[in-house]
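Following this message is one structure expressed as structure tokens.
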Amino acid sequence: MFFEQLGGNLIQGVVLGAVYGMATMGLSLIFGVLKVVNVGHGAFIMVGAFLTLFLFSSLGINPLIAIPVAFMVGMGLGLIFYYTTIRKLIKAPELATLLATFSIGVLLEELIKLIFGSEFRGYNWVVGKIDLGITVLPLSKLYACIGSILIAVLLYLWFKKTRAGSAVRSVVEDSEGARVCGINVGGAYALSFSLGIGLTVASGVLLTMFIPVGINPYMGGGYTLKAFVIAVLGGLSSPYGAFFGGLVFGLIENGSYTLFAYIPGVEPFALTRFLSFVILLVILLIRPTGILSAK
Amino acid sequence: MKQIQKYFPLIPVFAAYLIMFLLGENMEGMWQLMSMLLFYCALGQAFNVFMGMTGYVDFGYVAFLGVGTYGMALSITRLVQYEFLGAWIIVIGFGLAMVMSTLLSMAVGAVALRLRGAYFAIATIGVNEGFRFLIEGARIWNGSEGMIFTADLNKVLGRDAAAALCTYWADIMVLVIAALAAFVTLVYMRSKIGYALTALREDEDAAKVMGINVTKFKIIAFITSACFAGLLGATAWALKTPYVFPPEVFEIHYTIEAIIIVMLGGAGTLLGPVVGGLVYGISKYYLSIFLPGFQLLIFAPIILVIIVLFPEGIVGMLKAKTKGTGVERFIV
Amino acid sequence: MALLTLENVTKRFGGLVAVNQVSLEIAPGEFVGIVGPNGSGKTTLFNVISGVFYPEEGTVLFEGRDITSLPPFKRAPLGIGRTFQIPRPFASATVRENIAVGAMFGTQGHRLSVDGSLEVADEIIKRVDLTAHRDKAAGTLTPVEKKLMEIARALAMKPRLLLMDEAMAGMHPNDIDQMVAFIKRVADEENIAIVAMVEHIMRAVVGLAEKVIVLHQGSKIVDAPTKEALENPRVVEVYLGHAPEDSAC
């Protein structure tokens, strides 16, 4: 019984983990290219969630269609924030970009709160489920998982095969050298930043499949922490590391929840969230460059 | 610099606090506003000791306020049975708040302070969350139910004294903390600690090569800042409103407010947190009348503008303008 | 006793050997030039001496004491000072405060109070003729003034060994001559050994260095009194025999 439950939870963990991983890719991309830590990461996920909510509840649009919409919105937001703020702070001390991205996150939270109010919302997109024996997986979650993997693969191909992607890769290797070779480094930064934000907002769509009623303007905070744990697990600058880090994190999160549920006198949900924080600190202590570093 | 002249910069700070106190005392209905302003000034002073002087951001700062609140709460609830202690329970509460925030800051610092800027920020991002979920998860100190200790406080001090504490003396203690934090800030600034912190803030690697043990000084600033936060939580939260509830005392929005206050006023300056606290506090107060809940929406873009265009903050710009004049030595 | 001794120091970064079995000795008060093209390992060697890197093999001895794994901030009070190629001032602090920092945490740091350090700074400011800029924010200085302040700050530490990282690059030859002569004078007066790291053999260094060490691809190829080193055929080869490397596009 225990092992069935554990197995079921682990499968759910992998499914969720893929989405977590995809949600973190943007963070790692932005850090890898611009060396900027987007502390407002969770807020962009939240924007994606609200976008999905709006499209579905008000316009009846299927969340899967919301994904590319969210991506575009995200890229737009990324460009706006890059050109108005981030670009001017690349040369400034680290404190500046940390506070700037943080403030952008706060701004987004407050704007969404203004428009949508601060109550918890959700939506019901029922498309059936599949029974795997030890666990039942709603198809919406399965679609989210597949969507995440697809996006990760697309990103990989973009980096490898397109000119823009190669340009960005060379900027990561050596920005001065890239500049000398005629690559528009500023453009690469803008592209990477908006791509990263686009990915993050799109991931918000996918994550809503896992939150029946949890959508609210302040939901981002919890995801920011998870994203950082995952990013650090996977090596802060590698989007692929982030993806695999997500899988590992999903497993750990669900596995630990099952285990904690067996300990009397504790609240498993809260303790699981505490555990993710401990993992973050432990990794930062031992190997800040990530346990699963991949290029 | 002559010994006494070194302390001149405290004059405008203390004068501001005195004015706030007098206004609150003597004008009808002003006490509430003044107590809020003093809280923000104290928060800013405490936060400035670390973020302003080292240039590192601790996103989990509110955890120290929360821990301090628990310290006071624990003292009151656990020691109420020892009647002979009387009002000393409050003193012990402050002591416990300081000890607990020191311990937490040492624990967090041990991991986080070895890390550079961005990694440090990442490490602290979850501190307030982490600690809150530890308390809730492991059901420590009543877990997610929190503690209400109005009755205990009444028993310890007697009804009237307890009421006076909640409505008056707790705020006076906030003022004392604000003044103390300002004093310590200046002492640091004028000592080797201040020079080391400025050096490591400007260029950590060059500072190391110059012989500065950057980790040691970061720890000093971090623990100092945490202690003041703990004391502040103990009085402004535990004593003013005798209950503690994890989601409230670990709310990230206090960290946001601290950041706004310090950046607005001028990070790393002595007067900055006072100016920032006043501007933010007054704005929030009046906004709450006309546009409640809007203050963060308004201040978030303001902070962005400050970061990009005026990173020195109000006092920073004032310092530049008054350079070479007589007023210079008061604006630090 | 030698002031600084390196014995078979090797530093690797992954597969790359940046410094390969380098041994050398610097005597107290000596003026030594370390020369080598880009990529020869000079900067890494400097970083090993100042403690930024720890070598995989070999030992670093300072005044007989093994400092191989001593953290950088502990080397300054022992007497190892360093300047950087691109000056690194503490921009928001004044020139006076910058230089005082050197005194506060240098070899005399344990004896000096903040006020004492400021006095030491004032003295040095007079010596390097920066008095006009004493209370200006260091970030507002011109590049040449910044270099001067960089050196002054290092001198305020009262070092016994000063590692100078191409402190003269980009300056007018006359200014270079003057600055180097000034440094030599101070070094002689205070018995400071100077190790100047330069990319190619500069006339200023050549004029004053007692000995020259040439590095090439991480290894030491020449270690001799200046005159001999200049006539060494390998040195000539290193500087004239290689085509410039293609940049990777």
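Every chain is named by a letter (A, B and C) in the order it is written, and numbering of its residues begins at 1.
Keep this in mind: a contact is a pair of C-beta atoms (placed from the backbone, for glycine too) under 8 Å apart; a residue touches a chain by one contact, two chains touch by 3 or more.
Just so you know, these numbers come straight off a predicted model, no measurement behind them.
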Among all chain pairs, the one with the most C-beta contacts: A-B
Most central chain, judged by mean C-alpha position against the global CA mean: B
Greatest separation from subunit B - chain, by CA centre: C
Subunit A and subunit B, separation of their C-alpha mean positions in angstrom: 32
Chain centre separation in whole Å, for subunit C relative to subunit B (CA means): 43
Geometric centre distance via CA averages, subunit C-subunit A, whole Å: 46
Subunit C residues touching subunit B - in the complex, by the definition given at the top: 50-52, 71-77, 82, 84, 88-93, 97, 100-102, 104-106, 109, 114-115, 153, 157
Residues of subunit B that touch subunit A when the two form their complex: 51, 55-57, 59, 111-112, 114-119, 121-123, 125-127, 129-130, 133-134, 136-139, 143-144, 201, 252, 256, 259, 263, 267, 293-294, 296-297, 300-301, 303-304, 307-308, 311
In the complex with subunit B, residue positions of subunit A that touch it: 31, 35, 37, 39, 85, 88-89, 92-96, 98-100, 102-104, 106-107, 109-111, 113-114, 221-222, 224-225, 228-229, 232, 260, 265-274, 276-278, 280-281, 284-285, 288
Residues of subunit B that touch subunit C when the two form their complex: 1, 190-192, 195-196, 198-199, 202-203, 205-214
